[in-house]
Amino acid sequence: MHALSAHLKRKKGNFSLDIEVDFFRGITGVFGPSGAGKTTLMHLLVGLEKPDEGFLQIDDILLVDTVKNINEPARNRKIGYVFQEGRLFPHMTVRKNLLFATKYVPKGKQVIEFAELVNLLELNNLLEKRPKQLSGGEKQRVAIGRALLSSPKLLLMDEPFSSLDVKLRRQIIPYLIKINRKFNIPMLVVSHDLPDLLSLTRELFLLKNGRVLGHGNYLDLIEQENMFDVMRGAGLMNVLQFKVDAHDKENGLSILTNKDASQEISIEREMVSDCCQIGDEINVSLRPEDISLTLERIPNISIRNQLPGTIMKIIEKDNRIYCLVDVGFKLLVSITHASLLKMELTKGKQVWCLFKSMALQTNI
Amino acid sequence: MHALSAHLKRKKGNFSLDIEVDFFRGITGVFGPSGAGKTTLMHLLVGLEKPDEGFLQIDDILLVDTVKNINEPARNRKIGYVFQEGRLFPHMTVRKNLLFATKYVPKGKQVIEFAELVNLLELNNLLEKRPKQLSGGEKQRVAIGRALLSSPKLLLMDEPFSSLDVKLRRQIIPYLIKINRKFNIPMLVVSHDLPDLLSLTRELFLLKNGRVLGHGNYLDLIEQENMFDVMRGAGLMNVLQFKVDAHDKENGLSILTNKDASQEISIEREMVSDCCQIGDEINVSLRPEDISLTLERIPNISIRNQLPGTIMKIIEKDNRIYCLVDVGFKLLVSITHASLLKMELTKGKQVWCLFKSMALQTNI
Amino acid sequence: SSGDKSKNSISVFAAASVTNVMTEIAGEFKNETGIRIQLNFASSGILARQIESGAGFDYYVSASKEWMDYLDSMQLVNRNSISSIAGNRMVAIVPIENKELFIDSVSIVNFPDLFKGRISIGDPAHVPAGKYAQQIMSSNSWEVKLAKRILPAKNVRDALFMVEMGEVEMGMVYSSDAQKSKKVRTVYEFAVADCDPILYYGAGKIKSDENLKAFLTFLEGDKAKLIWKRNGFKIN
Amino acid sequence: MENWFVFSETEMSAIGLSFKVALWCAILVLPMAILTGWWLARKSFRGKSLIEGFVNLPLVLPPVATGFVLLLLLGSKGLIGQFIYEWFGIRIAFTYYAAVIASMIVSFPLAVRAIRLSIEMVDPGFEEAAKTLGASTFQSFVRVTLPLALPGIISGFVLSFARSLGEFGATIIFAGNISGETQTIPLALFNQIQVPGMESSAFRLLLVAVVFSFLAMSVSEYLVKKLYKRI
Amino acid sequence: MENWFVFSETEMSAIGLSFKVALWCAILVLPMAILTGWWLARKSFRGKSLIEGFVNLPLVLPPVATGFVLLLLLGSKGLIGQFIYEWFGIRIAFTYYAAVIASMIVSFPLAVRAIRLSIEMVDPGFEEAAKTLGASTFQSFVRVTLPLALPGIISGFVLSFARSLGEFGATIIFAGNISGETQTIPLALFNQIQVPGMESSAFRLLLVAVVFSFLAMSVSEYLVKKLYKRI
């Protein structure tokens, strides 16, 4: 079932947006350069702007249709929205800001618990403060919390992590994934930070100049030249799905196995601590720069993961080479032109992909 | 000469700041978790808040002294400030916002040219727009530009890159470094993104709970346990200074040499394109996760940089191991506990540090 | 309104210039009969228009014949009850600081030359006292000389106030008012013949009742007349 | 009037009445002014400046004229008043209620303007945020815009109160100058001024009005400060 | 008065005078009101509510009382007026200038309140930003706060203008009711109301006042809209 499908047109000054979308129930990352129209799209979805033309349907309910003259007001759309600029109510304490929406949630329909949320977002000491007394990052956390407590059917977040330090980011991202899974709330997350996005989801929606550049699985997207270009600057990333197979406590490692491949891959345990138990499915991300290619297996090296595979595609961009290697699943590897020449790499060649377990990032 | 020295105390609710600082003329990165007091410190320096106690001296001019009852108003301090929340004037076009301060700069003292700045920040198409019509990232760029055009003696920036995509970040960071060098304007840059900060500078100022945790060169700081902890979560980074020795156009590489070591290191050329000519000094950053250790040189691998060195220190944190290796300069390498055991690494052992030229990031 | 609300009271609408008299009369009347008088003071014109708009009243005291006739023409007052209840005289006054000027029946002929500056009178357009003042001027042929020097006030009281304040050198007001003020000095009392008779008119409402009759009786009595006299009015 | 500080019965009743009229006027004007202010601030429609002009009429008209218009409308022979009298047997003119109504009409444009201004200056972004959280237009207005516009609301209240204290022209025409019922401070003052030699009494009444004014300002200043500090 | 739409000379002069007085009043009040409004909005000091009360005095006092106070101060024997008269030989009371002054005094608190309110609602963060860019307190006020408070400034201007159009009490006392010199529309209206049979003339003048009011509102509405759209 489509969580959301829409075709929206909107002109603002010399900027025009014309977008057709279908979002599924998971988390979709909305990505695009500054001024691409990401915030405008969010405003159209949430009902703060009206499209000049088009329709919007969420959970098969028609919310907007310019032909039929339907335009459901924002408050009935049940879409949680974290504004890029926060917009906390300045006259209310943090507690009241957080609880603002709970009045409008029918009894028993409140999906997220206040206490749990406050703990997770580390807001305990801030509850009686007013927005003016908060730091930038504190404000952002409150804004995320406020949207979550409105028990939305769909959650939109515009750059929700921009003022959060890495520690908090790492803490909130798995939580969002959990909320998405547990309550089946689809999410759209706007970010200019591709690695952040990819640690949330592999489903990407690419925008540029008000047009859809691409939409779909990250790995499928990067195979297309024009999208590859857009994403490259933002930091490409391999995102892989694994199952936790065993914990090697002595060495501090978790043994993960990939669903598709039968390869055993060791992954550092520290990152996964509480969240993953044996049998859990987890997402792991890995930068193309962190993978090395060799022609044979290398002993005596601190690189513990060494996977044999076949080069499927060689993409040449400026002086940088990207190899798509099939090691049971697809891996994007970036190497220099010099290495390409020296190792005489060609499509179809057998290679080993080496990466440190350290380089793997888990996002649940 | 100290660009800035201060001892400032300030209490706000249950938060208290007590900081003693001496900043030199370069760029200093201000780093600390959300709510550490970074914005508060900036406000005290720029004159938007008054310290309860203390003094502030810039370029040997006493601006604040609570004992002598001196408190120079903000406008006389000639400190450019990029607010965390932008604070663009809503009733003025982008052009007028940018030019706001130029009236207060004496003729001939304008150090940065309007046209050049507009080009660099990609503001050409936005000049006649009003802040309300800008996207988040566009606003941030205008705020940076506005502060720069006030020809400040000191520039403070609070999270200036938080809404900028990577492409723009990469573009602005070298420009800031250039401005710092060319006009000798000291800068304090607040960020929760350690890699971003490190690509600007190696001089760090660490804040936590309103207290100074550390101040100095990044590599010196990470040798101290408590600071290592703070920074680890944010992404550790090696930052190295090199001289451009030659360009290998065929392979798309630049050959760089380190000042201290006599090692030849190849670095990808693409990144350095216009900005670096033979003989230029450049900063290069490298993540500890991107370096592998072996016991011998490895042929036939896409890793082109292989440097022999000695393990100087082994830092164990949770299940992660950090080795400080002297390869002529110091390199921080992170490996798993399993590798440590398998390769029997100890302090003093001879190892090879391997890293892909791809993994090197240049920041001018 | 008030008239029919509480049985034992009557409502009297009275021109502002008789404020003192009517207040004292109301007090005495209450002592004597136990009937309370609700007083409504404003300019005669405003009171007439209020009555015209349906205001409930029992007795109306007007400073001008015109407004009484106006109400009578609309049959809002009992024609038989219309009577002049008191008279007044016009006087010339100067600020108390002016100790030099004395006017007698001879020098009054050159009245306009006896003082410099302006003369305040009620606005002849609508203030009765102003109209009388103008009549006195024209019957003595001072009009031309004084035309540019007149400062019309919105009522007699204000005309007096201007003299008190020294804003004008001369004023023409009722003798009843002049007598009360400690800041002015009366320099001349104009002849009765110089203007229309200066009279206050009173009339009851159309439907008379016991209370109103009692009040009418009291008005004609000696006590009421004494009060008028004490306040500087003339009773014939 | 031997003792300067002992008020006569008439004076006392005028003071009490003035206070009561002013308070009621401010209390009754407030909700209407908030509604109108919000409407003018947030909606844009054809003929808006017509409505604006209409609301501001009592400001432009001399109060005496306003009083006459009220009398023509609400007097017991007036356009509307005659029906009220016929159907309910209620006379409005020349009563305490008339004094309150006259004050209300005259204060209304002042209150609307203050409130409208402050609502206009509240960032509509907050209302938008409230709506995405499920609040209706009315709820987001009450929970978000209104508290943020509080200085203007208080200002509107104080303006109505103060203007009512000083109201003379419309009241004397529409409510009459009836001691104990409609004779507020300004009307009592008028009576005293009519009689030479009553200056001291007039001054005392003036003083009371002034003290009232200062009190109202102090209280509102204090309220705004206290409520504002929290924002 | 055969033709309903031909104004008599007196009426014409009253209309022209009213407009002139109101315009001058608004123009002269504005800068003072801006200064006072800014002072009250941005500074906090001891006795602020005393100043507030003082500024608002003309609002609370019946205009007639205000007129008397003006006369006591600026009359040619007044506290201040006597010196003006002695030194410059100028009499203020009962002149065109007195009409303007009376209007100004009465409008002042209204203008101050509107302007102060809008200045209070401008985020001081913008002024701070201007200061870090080198602007003085005055410069940042003029270049940043003032334009952002524009709706309030326009409101203040319109309020002064409108209030002046309706001003009666203070004017008739302090400026007198001198046809062609100080007889504005409300004063002319008052005269006509006092005379039986002048209703039609009174109505026509009322109509002119109403038209003025609507015009003022339309123009200010238009200005605010146009200037606001750009923010």
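The letters A, B, C, D and E name the chains in turn, as written, and every chain counts its residues from 1.
Note that a residue touches a chain if its C-beta (ideal position, glycine included) is under 8 Å from a C-beta of that chain, and two chains touch if they have at least 3 such contacts.
Remember, it's a predicted structure, so these values are computed and weren't measured experimentally.
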* Structure fact -> Touching both chain B and chain E we find none
* Starting at chain B, figure out the least number of steps needed to reach chain D through touching chains. => 2
* Asked: Based on the averaged CA atom positions, which chain is farthest from chain D?
  -> B
* Report the chain whose mean Cα position is at the greatest distance from that of chain A. => C
* Would you indicate which pair of chains has the most C-beta pairs in contact? => A-B
* Gap in Å, rounded to a whole number, between the CA centres of chain E and chain A -> 60
* Centre to centre, by mean C-alpha position, how many angstrom separate chain B and chain C? -> 90
* Asked: Between chain D and chain E, what's the gap in Å when you average each chain's C-alpha atoms?
  -> 19
* For chain A and chain D, what's the span in angstrom between their mean Cα positions? -> 57
* At which residue positions does chain B touch at least two other chains? -> 85
* Residues of chain C touching at least two other chains -> 46, 49, 161
* Structure fact -> For chain E, residue numbers touching 2 or more other chains are 68, 190, 193
* Could you list each pair of chains that touch, in label order? -> A-B, A-D, B-E, C-D, C-E, D-E
* Touching residues on chain B, where the partner in the complex is chain A -> 12-14, 33-36, 38-39, 84-85, 125, 129, 133, 135-138, 141, 158-159, 162-168, 170, 192-194, 233-235, 248, 251-253, 266, 268-270, 288-290, 292-296, 298, 300-304, 318-320, 333-339, 341, 343, 354, 356-359
* Asked: Within the complex, which stretch of chain E touches chain D?
  -> 44, 48-50, 52-53, 56-57, 59-65, 68, 110, 113-114, 117-118, 120-122, 151-152, 155, 159, 162-163, 165-169, 185-186, 189-190, 193, 202, 206, 209-210, 212-218, 221-222, 225, 228
* chain E residues within the chain B interface of the complex -> 125-126, 128-137, 139-140, 143-144, 147-148, 150, 230-231
* State the interface residues of chain C toward chain D in the complex, per the touch definition above. => 1-2, 11, 16-17, 19-20, 38-42, 46, 49-50, 53-56, 155, 157, 160-161, 164, 177-178, 180-182
* Asked: Can you name the residues of chain B that touch chain E in the complex?
  -> 46-48, 73-75, 77-81, 83, 85, 87, 89-91, 100-101, 103-105, 130, 132, 146-147, 150
